[in-house]
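Look for chain A in each of the two complexes below; its partner is chain B in the first and chain C in the second.
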Partner chain A sequence: MEKKKIVVIGGGIAGMESSSFLAAMDFDVTIIEKADKLGGHVRNWERLFPTMRLGAEVLDFLNQGVEGRVKIVYNTEITDIKKKKDVFAITTGDGKNIEADAVLVTTGYDLFDARKKEEYGYKIYDNVITSSDLEMLFTEGKKILTADGKTPKRIGFVHCVGSRDEKVGNAYCSKVCCVTAVKQAVEIKDRLPEAEVFCFYMDMRMFGMHFEFLYKEAQEKYGVNFIRGRLSEASENMDGSIVVKVEDTLAGKPLRMNLDLLVLMVGFVPSEGSNKVGKMIGLKTGPNKFFKTQDQHTLTNVSNIEGVFFAGACTSPKTITETITDARAAAVTVADYLHDQPLGRRTI
Partner chain B sequence: MIIEGKQAIWKEYQKEIADDKYFYVRSCVRQNFFPGSETAFLQIMREDLGKDVFEHSCHTTCTGIGYHGDVVPLDTMMTVVARQFALMTESGYENLVPSCITSFGIYTEVLDTWHHFPETEEKVRTYLKKATGREFQIPKNLAHASDLIYKFRKEIAQKAQYKLIDTNTGIPLKAVEHIGCHYAKMFPSKGIGGAEYPYVLSGMIEEWGGEVIDYPERRHCCGFGFRQYLVQANRGYSMSCSHKKFESMEPYHPDLILTNCPGCPMFLDKWQYAIHEMQGKSYGRNGEGIPVLTYEELAGLVLGYDPWDLGLQLHQVPCETLLDKMGIPFDPAKKYCGKNGKDLGHPACNPFEQKKMLTFKD
Partner chain C sequence: MINFGYSLSNDRQIDFDKNDLKIARFVNQGEPTFKICIACGTCTATCSAGQFTDFNFRKLMIMIKRGEDHKVKEEVSKCMLCGKCTLACPRNVNTRNVIINIKKAVNLK
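Entry: the complex of A and B
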């Protein structure tokens, strides 16, 4: 009997792990990936919270499931998806057509464009960078320096940049930024023990296993300062250092501080790929603009189109752990659909 | 500073500004604070640029100060605004140009309110009809007077007699700009360049040869928050706002401060004198203050208008240092003469040289 075909759109960690499980279940799986490598955002992340494990280790693990089992089409974007009866016809940018019995959307997220928070001065002030920029310095093994090549003595992290912020239209929490700030603050202190590090937060959302431990360690062992208050604005001093205005809501006082480097903890937004694919097939989105699942508690991998499923951060911000778990759940859900849905016909 | 970053933002915040046929509404306070500015605007628009600008003698306050001071209710404010629109409609104009930033904010707020709540607009139409018998059309285009000077900044540059360049050194003059809170902070999309990195005044400064200074407290209030100044007990707070800005801009050695709003030039000018009286501190070079200009005054200077016709003698901080740098000739003897040659009265002293209260002779 011919194997049922599944196209997985996006080769990030959700696409990799769901493909591995589907291939292991003897389906014909093809990943369509726009880049020239698998791994998505995790490729840009040197170390992972809360354990400080190398991101590359996780990718190596996921690759072991993909290699030799899954077909991968690199450097390719999808231009059209049409459904005829139960079969999907997928057209790629190079004019090829791929047929599939099911489609798994794993288009992930994009990082919030920090330029939209104009008052923080990203891409305007030389010493304002994002969490992603900082991680890139870690990944490339570069020194942490100010724009004029000096070692920063004071570094600030701004939480919730583009998250929980109705002004930019994103009311949701991006989940990972708080603990990422703690992780990066610790890494800075490891590299620059003499530097003062400040985290400006609204709430510390330390929900994951060991997150609270890392947060405590950052304070007690590394001396990272956590100030509860949101930045109102950042400006540039004559020497290129950054002056920030914050309200310290625990002390009940306004605060003005000079920093040598300001790091903006950028949140998640639906990816450009999600928006394109969603329009092609008519996938519904929720109030947070990520894809809407059929049910928030139960049918969390099921879309509004029969035969199209979701995995990973295309439905909401997720940690790596959650994404991998979600990818496996999606694989089982797709398999159930292709096996005449012994479980998928349940309703809620 | 990454200028390309600012330019990208400026591109996003552009707005449509009508080419001609403007209904101009004056400010309540500017005619007292800086009386030459509005006259200069009309002269520049009509005579230098050949535009049709109409004023109506029945125009009144927009009630903005009263509205923001909580003594004029919202419905009353909107009905007064509706009456201004009616005057414009009756005069055959469609493009409203307020001189005042507060008015610009009020008109923007009212139009936005009516856009989102059409039933409120209908209610106000009824109020106006019952009270005055008038009807009105909503303006097709709303632009602040500075938007117009910005729009025609290149034309003004082509006719320029003087530039924002130090004629002694050939170096561009350094200018601090302050757009006023109600220009773009409430509705960033209605201000050229937005609220965080506004371009309306920067564009003029750059076009006319100067260099814009970005200093840390650039966004801070000038000191004319209504509740800071109108409530006498709060005036120390008003001065502390201005003081914070002066301290922040001082290391950049600005040659002038360019302003957009009725209150900003008033406070950035007058408080320099008050701070000098209180602390003996001045923020310009050689014990001088930093001249503060309105955008009309600066446009007038660039076009070669007589400084005293522009009303620069009524500034607390003397502007002669700036005139010297720009190479603008002036007659010191005529400084305190009115347009008809009448003596306006002289200050008892130069506030930046002697510590005496500034008074005018009878």
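Entry: the complex of A and C
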């Protein structure tokens, strides 16, 4: 019997791990990836919370499952998807057609464009950067310097930039930024022990195993300071340093502070790729604009279209651990569908 | 009575059983977004009045919600109704209308 074909859209970590499992279950799996490498956002992340392990180690592990088992089409975007009976016809940017019995959407997320929070001055003031910019400095092994090449003495992290903010239309919590801020604060203190580091937060959401431990370590071992308040604005001084306005809500007083470097913890938004693919096949989105799963608790990998499934951050912000777990769950769900759904016919 | 030089301190606790939530109920009715504040303090950080007086809008709202309303009239009079807080609030609380409703409530009392 001919192997059933699955097309996986997006070669980030969700696409990689679900493909590995599906290939191991003897399906014919093709990943369509727009970039020239697999790994998605994790490629830009040097170290991972909460253990500080290298992102590359996770990618190496995931690669071992993909290599030799899964077909990969690089540098390719999808322009059209059509469903005829139970078969999908997928057209790629170079005019090729790929057939599939099931489609797994793993189109992930984009980082929030911090320029939309104009009051924080990203791309207006030179010493305002994003968490992603900072991580890039770590990844490239560069020194942390202010725009005019000085070692920063005081660094601030702003939590919830583009998250929990109805003024930019994103009411949800992006989940990973709190712990990422703590991780990056620790890494800065490791490199610049003399620097003072402040995290401005609304709520510290340390939900994961070991997150609270990292938070405590940041206070105890590294002396990172935490101020409960959300910035109303940041502005630039004559010398290029940044002055922030915030209420220290626990002290009950407005507070101003000069900082040499301000790091904006940008949240998750549905990726451009998700939006495009969603429109092509008519995938439903939820109130937060991420793809809507058929059920919040149970049918978490199932879309509104039979034969189309989800894995990873295209349905909601997720940690790497959660994404990998979700990818494996999606693989089983797709396999069940292609095996005449002994379990997929359950209703809720 | 003989004065022995001792005095009794007033109880500092918020007495949730005795406190009257009349103002809170009135504001909830008039401006339902009063309920969705997460106390992030952005309003107070951007507050023009708060730079020069001890006006603290976040605190005022929480005090009303707890029924600690003895200073509300005095506090609410410090607001200049400039509306910057409404622009800054991440939860889209209609802060300006909250203030107007607090003013109405204290005048009704």
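Rule of thumb we're sticking to: the second predicted complex is superposed on the first by the 348 of 348 C-alpha atoms of A that agree within 3 Å, B and C clash if a C-alpha of one lies under 4 Å from a C-alpha of the other, contacts with A are read in each partner's own complex, and residues count from 1 in each chain.
By definition in this document, contacts are C-beta pairs under 8 Å (C-beta built on N, C-alpha and C of every residue); 3 or more make two chains touch, one makes a residue touch a chain.
What you see is a predicted model; the values in this text were computed from it and never measured.
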Partner touching more residues of chain A, whether chain B or chain C: C
Touching partner for A:Glu233 - first (chain B), second (chain C), both, neither: both
First, second, both or neither for A:Glu166, with chain B first and chain C second: second
Touched partner set for A:His41, first chain B, second chain C, both or neither: neither
Chain B versus chain C as contact partner of A:Met202, first or second or both or neither: second
First (chain B), second (chain C), both or neither touched by A:Pro254: second
Partner chain(s) touched by A:Val246 [first = chain B, second = chain C, both, neither]: second
Which superposed partner A:Lys123 touches (first chain B, second chain C, both, neither): first
Which superposed partner A:Arg115 touches (first chain B, second chain C, both, neither): first
Doubly contacted residues of chain A, that is, touched by chain B and again by chain C: 119, 233
Interface residues, chain B side, partner chain A - complex: 1-2, 4-6, 8-9, 194-197, 214-219, 251-252
Interfacial residue positions of chain A with respect to chain B in the complex: 115, 118-119, 121-126, 233, 235-238, 243
Complex contact set, residues of chain A against chain C: 119, 160, 164-167, 202-203, 228-233, 245-249, 252-255
Complex contact set, residues of chain C against chain A: 38-47, 50-51, 56, 58-59, 87-92
